[in-house]
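What follows is one structure encoded as structure tokens, with my remarks underneath.
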Amino acid sequence: MYLHVQRLINDIVADEPDPAAANALQEGLGGQFGEMRTMMQYLFQSINFRGPAGKPYRDLLQGIGTEEISHVELIGTTIARLLDGSPRYNGKKTDPLDTPGAGGRTPLDLALGVGNIHHYLVAAQGALPVDAAGNPWSGSYVYNSGNLVLDLLYNLMLESTGRLQKCRIYEMTDNKTARSTISYLIVRDQAHENAYAKALETLGVDWGKVLPIPTTNAEKFPEVKKLVDLGLQSKQYTFDLEGASEAGRIFQGTSPSNDGTELDATEQAPAGVPSTIARERYEEFSPGLDPDLLALIQATADLEMADAADPLFAPTRNA
Amino acid sequence: MYLHVQRLINDIVADEPDPAAANALQEGLGGQFGEMRTMMQYLFQSINFRGPAGKPYRDLLQGIGTEEISHVELIGTTIARLLDGSPRYNGKKTDPLDTPGAGGRTPLDLALGVGNIHHYLVAAQGALPVDAAGNPWSGSYVYNSGNLVLDLLYNLMLESTGRLQKCRIYEMTDNKTARSTISYLIVRDQAHENAYAKALETLGVDWGKVLPIPTTNAEKFPEVKKLVDLGLQSKQYTFDLEGASEAGRIFQGTSPSNDGTELDATEQAPAGVPSTIARERYEEFSPGLDPDLLALIQATADLEMADAADPLFAPTRNA
Amino acid sequence: MYLHVQRLINDIVADEPDPAAANALQEGLGGQFGEMRTMMQYLFQSINFRGPAGKPYRDLLQGIGTEEISHVELIGTTIARLLDGSPRYNGKKTDPLDTPGAGGRTPLDLALGVGNIHHYLVAAQGALPVDAAGNPWSGSYVYNSGNLVLDLLYNLMLESTGRLQKCRIYEMTDNKTARSTISYLIVRDQAHENAYAKALETLGVDWGKVLPIPTTNAEKFPEVKKLVDLGLQSKQYTFDLEGASEAGRIFQGTSPSNDGTELDATEQAPAGVPSTIARERYEEFSPGLDPDLLALIQATADLEMADAADPLFAPTRNA
Amino acid sequence: MYLHVQRLINDIVADEPDPAAANALQEGLGGQFGEMRTMMQYLFQSINFRGPAGKPYRDLLQGIGTEEISHVELIGTTIARLLDGSPRYNGKKTDPLDTPGAGGRTPLDLALGVGNIHHYLVAAQGALPVDAAGNPWSGSYVYNSGNLVLDLLYNLMLESTGRLQKCRIYEMTDNKTARSTISYLIVRDQAHENAYAKALETLGVDWGKVLPIPTTNAEKFPEVKKLVDLGLQSKQYTFDLEGASEAGRIFQGTSPSNDGTELDATEQAPAGVPSTIARERYEEFSPGLDPDLLALIQATADLEMADAADPLFAPTRNA
Amino acid sequence: MYLHVQRLINDIVADEPDPAAANALQEGLGGQFGEMRTMMQYLFQSINFRGPAGKPYRDLLQGIGTEEISHVELIGTTIARLLDGSPRYNGKKTDPLDTPGAGGRTPLDLALGVGNIHHYLVAAQGALPVDAAGNPWSGSYVYNSGNLVLDLLYNLMLESTGRLQKCRIYEMTDNKTARSTISYLIVRDQAHENAYAKALETLGVDWGKVLPIPTTNAEKFPEVKKLVDLGLQSKQYTFDLEGASEAGRIFQGTSPSNDGTELDATEQAPAGVPSTIARERYEEFSPGLDPDLLALIQATADLEMADAADPLFAPTRNA
Amino acid sequence: MYLHVQRLINDIVADEPDPAAANALQEGLGGQFGEMRTMMQYLFQSINFRGPAGKPYRDLLQGIGTEEISHVELIGTTIARLLDGSPRYNGKKTDPLDTPGAGGRTPLDLALGVGNIHHYLVAAQGALPVDAAGNPWSGSYVYNSGNLVLDLLYNLMLESTGRLQKCRIYEMTDNKTARSTISYLIVRDQAHENAYAKALETLGVDWGKVLPIPTTNAEKFPEVKKLVDLGLQSKQYTFDLEGASEAGRIFQGTSPSNDGTELDATEQAPAGVPSTIARERYEEFSPGLDPDLLALIQATADLEMADAADPLFAPTRNA
């Protein structure tokens, strides 16, 4: 059973909207080696796990799988922010709906030029469950052979490939919003890579110096280096509310990444940062609640809840 | 951010293995109107939500979305149990690997006859992210228009269709393992249907007597009736660890299902039941840890952790 | 622009329900070489057609394309009839909803054994836009190269392949409902094959004796032979309400099928037979209007239309 | 059974070619909420409809479904026109086939830069059965639960989503060709939205003020406003050649769109405008009939039809 | 550049037709971990390979990739043989086309009951490029990260998973035709697993005792054991006609499979066995050349080649 | 059984990198009418071929199918070269990894603007098994009806469509690398078109003057004309190492392309040109062997093979 808190697992740095960067990040969300994939793969591997004696391995899978749900939330929110920007708010135009033939710029015409037109046409400037080339996420991505060694080997390759692709995305954009999340995920992918490599070490494999994959360069990225200096690549949270996880029996000892750190699985979860709700986008005809609708609700609320102590739409923590 | 406990959200009644029933239940897991769909759809709707004034609606989506993760876990585990059964354990044969030409029954030949052969050939008698006809789950299922009224309308239709299909699955099998989970989900789908119907009521819609959909018959199913008598169709948990959810501002008052109950969103989460780890399946070459591997690990552990206070494979709670 | 009449293009012979035959017929509806494919392919070829001088070819495509819509209707209805049958109506059981543990047969358990479980679980004993292996119809099937010779060559191959597959379906079942529609479509596919072969003849190709494809045997099927004796394979309707079609400039002269007949495109449309509406299926929770709903509507109608001269649910021609 | 006339259901305003706009319109043709979807969904719902007492609902579905075929034709033709334009005709170059290394502009190089390269590489500057992100249309889009209330609810959501997306497309381009068709379809989508909303009203639902969806703004689009002023959003044609449709029993009374109009289903079909055939595109190697081929056909025709009274390629109404 | 000889890479043992086994083998042909996948993956990895210094690794990939083409040929032919069987040849009926209503068995009705109906309806009792659940092979399966370590790791996992699934197929059927090919491929998969494991050893990884995967049991299969005793799991052919391959620099030394053998890459290719052409299947309307067609060709040949020294259809080596 | 030589079937002319052209060429590799399709289709048609008397037809299919493998290799290599180019090698920047905020150009940002972002994000500047719109290659493309006439007709249409699309690609770019391969494939497609047309001639079809398709213009392309002047469109290689092919019984006599040439199938294979291995791309984190890894391997090699006569990484023919 799963629970949640209204926080993001890591902070997102503010910067300009950037639809092209948003589209590149979709690979990290809905791509074959993105966060939806890792989340679902580890969830299925946990559900179908066999052999009570292997509980530490099951718990490792389940803990990482739980973290991936928060990664889906983090990168999805990052994409939505990168897409967020419109004439009404940016002051480029006063009238959001142009008059044909009068030379006005059409409000959503940027959708025709970069990235995935579905971000504007279908998703109202929000994240989509697709990859950077627009392919919908597919259940056929999930690998769960039932053989523990193979599943661990696949997961190690999966995390390394995810990290490889994120290093490439880092090189595609210098937008700070994009890079703050990409850098965080590069480091966490390495932590998960360490987890599966260590699990295979307990079964007798010696990785020599091939880890991490890619072996070089990522630490030259300043945002990544900052997190590596904090040791975030050698830490795994349990995300277990009752302390039942035995993942720490595996995730301990020297890191297989050859960086001299010790693996640590003693924390339950990071502190996170408060999540907020984005503003309306009237040009998408998709406000959360547009002025007319809000007035309508208030009127309804006045009627229906005249005697309620707690008004329906009092100022919320997001207002 | 998400956390978990090592419990299932509802108990699964024990019965015989039943691969055909397992396959039918796949629709409820990986089908267009199954739990993976609802989980992902509400997760994306929460992430992309716009308009701080609509926080109660966002929190409703997020709370139901969190519950759906546990439903994925529940129905996935149910499918795995329905598939669980093999010659070695059932005593039908002493030698799990037959001798060609000697007339022995091949251990996995039942895979050729019923349901989805991938349950045996690919998934090692475990659940798959596919529907009952074998189609992989697709990201193109997720609906998130950005328009609140449309999203609520879609969600109402989605929960009702899910409930409709589960009523049909109920009529396809009398296996108790299958029916215990299907019945629970029928009732929870109705709770979610009530949630979205109520949200639309706050926007001015009057449903008359069309709810719930389907309007009749489900309460004639004994297992369903038992849960309806407990009022489970009129309860929504927040699954929020810090009490920040405002979903209760919507999920309150008379049920739109015309059953005379009051909606209640005051509980954080159900108690759940402890989850267990399934036994090995040697005929799938997919033990969690087969005897040889276990011996290997122990030998490794003896070497590596000779001085560790906490042995790697002490008896676990699942042992 | 398209219009319709409430008739089927050909009669469907009554016989027992047969879900396995229904599934085989799905190939003719939603398969790569089925009626949805031909309908869409010719519709796109008509829309994108270039060159005013080629109007007779465009009109030929448009006329056949229009006929294919009626073929989709015909084979879809045939599939729905083959799936139609349930305990309540067949008298096998008095109570459609069994009592678990009491040994009753579950109403929909036949869905687990033959054909496509989605026919019962998703489609309420109706036709689906999928092929006989359950693959959804795909827009990638549509071929429209823009090159007239290639399009005609493809269409000839398409009709012949459709006819080939239907000959195989004929050999898979002796259900009269299935065979009456399959036989009609075998003959009409040959008519369309003749149309495209003749169009290529006007461009200089001489087919020798290779047509029709397959060259042999189909006339040994009694139902097919009856229609061939009527010359239905050498007739093409215009389906054009205003007599503007010039398809007759191509579809004339000796048949390329080497059967000695003359091609004839002088008729607008066949007479067809009245279509009817199927009965309710309560075990699917999917009546058109179940008794409760019907009562509800009538009550509403009484209120809303007390002064209307024409009552909402007077006996209809289908009642 | 279906018939046709050689007319488009609405006129298309002339403007410059615009491949980016053409690609955006593909969502309205082959997208999940586009015209191919509505056409197929209502066709299947009509075929699989159950319950003779519900004939007015079946007839409503069938009438709207028939209209959607004409919408596919309209938007497909619009896309083809937006793609129509090449060096040979636009006078930009005298030689359509450039000499490599001589600095000439390659005739189709615009295909590499905007929209969907398949429009030039595969479709010869014609419409494709795909969405604006290039995904082929899929049979898995079609929803037909068998439950009347759910089907109507889904259809209402479907039409509203289609209208929402078309409002966004309107904001992406000011090309008059694109906007003339988009505006017409926005208004017709609203008419269909009204139809399904009214059908649910007959079952007891009161929509309050939530309709139409999106509730605001579309009427600020000048081309849309013109059609709304004519009341086109409150009219539904039967497209029934024999007057058998009972859809008017539902589509009558006050519009659920809160615009004060009365619904009207008394007309058979709109007048439409004559359709024409597009010119050749030699740079695509895909003329309908290029000069060589035309000469060939004429020679053949001279031989084969020396004694025919009606010459094969007399001037046609499109010439 | 590739060349071929008209031989199969391994012999196929004769046995009864078995459509259910044929369908299971489709996973080994068109499944995610089947021979089409390995063939394409290694072909792409060879094409896109970077770094001249890594030529031994490129040559290893190219050699195994070439072998996989022959594996596709082998397993495809095996499936076709398992599907081969019809009334005409088996003497069950004298008339291949039954008379409806006369009680005759329909020639292809077995297609409705087991495996994939497309084997009969679409493929004329031949192999299909799909998996055992009917999913078409997809280009999205191909993994080629560009990072050598990751590609080798993936390939190791891929071969092991293929071998795991083939071990399960072995347990599903005791048909000798099926088992002869499956056993051969189990052993060759292990050879390829050894190749990638050894390549990773050259980069510093020590596999301990985890290889081969699955670690146990396969040698208990008699047909597999026979080939293992011949050392076929430790041999890799170059398939290189000019001796340019440097794969032997990697594939040498002790086997990573812990079986005490030495790896050997000195042979160019196995001898293979002559391939033959299957007999006609008249009930599929798909003879290679049916009697009528053959007569037609001969007549044509007589005319066209009256003076040719070499007659067109002299007895061939397959006759 | 298949073998290979380390040569490309045709030379690739050097020119600048051009990612947009690379993407257009993907249609020729992974598109519905590209080389992967023809390769797989003819391979399956060879495997499933029926009727020993038709061996010349089988051998024709097998020979062309073998050539297509080399075409996949050729066009894949061409795409990889068109994508090959990065800041490090082109001297645009000294530091391949930029400093955020310092205004440096991000190394891979060109991936965001043209063609398919997956070429950089997933494939490390290499070819992908997808078409020019990014759709993965699908097994559903393969056509193999089992009926010889239909298969030949389809193959004729397939080759002609491939040639048509390549003519369009030629018109999209004047990059010499792209055009050298496209021109070669245009001519070879015509050779295959001739092969299938001739095979149908042996069955009695007379093509008149419709071949080749498209009938005009391609010979106006200078690179194409040069190859046509050499007669490459009238030559078919057997690719058969043992001279067993009987394809020459069909591929002989006057060309159906009306160009006055004689068909010739007497050669085994073209000479080809030596293939080379591309250089590393460090900005992709995907060198074949980066400096660190190379040093590691050498160190390992020194240890493991101190006494080996043949050093692991002696200079290779590609160095």
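Some points to look at:
All chains are identified by letter, namely A, B, C, D, E and F, in their written order; residue positions are counted from 1 within each chain.
Just so we're on the same page, a residue touches a chain if its C-beta (ideal position, glycine included) is under 8 Å from a C-beta of that chain, and two chains touch if they have at least 3 such contacts.
Quick caveat, the model's predicted, so the values are computed rather than measured.
Touching subunit A and subunit E at once are the following chains: B, F. Counting steps between touching chains, the shortest path from subunit C to subunit F takes 1. Two copies of one chain, subunit A and subunit F, touch each other, and the residues they use overlap weakly: the shared fraction of interface numbers falls below half. Its C-alpha atoms fitted onto subunit F, subunit D is found rotated by 120°, rounded in steps of 5. Separating the CA-averaged centres of subunit C and subunit D is a span of 23 Å. Each chain gets a centre from the mean of its Cα atoms; for subunit B and subunit D, those two points are 41 Å apart. Touching two or more other chains at once are residues 32, 122, 130, 134-136, 138, 140, 145, 147, 149, 164, 203-204, 209, 214-215, 284-286, 293, 296 of subunit D. Applying the touch definition to every pair of chains gives A-B, A-D, A-E, A-F, B-C, B-D, B-E, C-D, C-E, C-F, D-F, E-F. Within the complex formed with subunit A, the residues of subunit B that make contact are 1-9, 30, 36, 40, 43-44, 46-59, 62, 66, 69-70, 72-73, 76-77, 80, 122-130, 136-140, 142, 144-149, 202-204, 239-242, 244-246, 249-250, 253, 268-270, 272, 276-281, 284-289, 293-294, 296-297, 300-301, 304, 310, 312-313, 316-319. Partner subunit D is touched in their complex by these residues of subunit A: 97-101, 104, 106-109, 111-113, 116-118, 120-122, 130, 134, 136, 282-286, 290, 292-293, 296. Partner subunit C is touched in their complex by these residues of subunit B: 20-21, 23-24, 27, 31-32, 114-115, 131-135, 164-165, 167-169, 171-174, 176, 179, 209, 214-218, 220-223.
Here subunit D touches subunit B in the complex through residues 32, 135, 138, 140, 145, 147, 149-150, 153-154, 156-157, 160-161, 164, 200, 203-210, 213-215, going by the rule given at the top.
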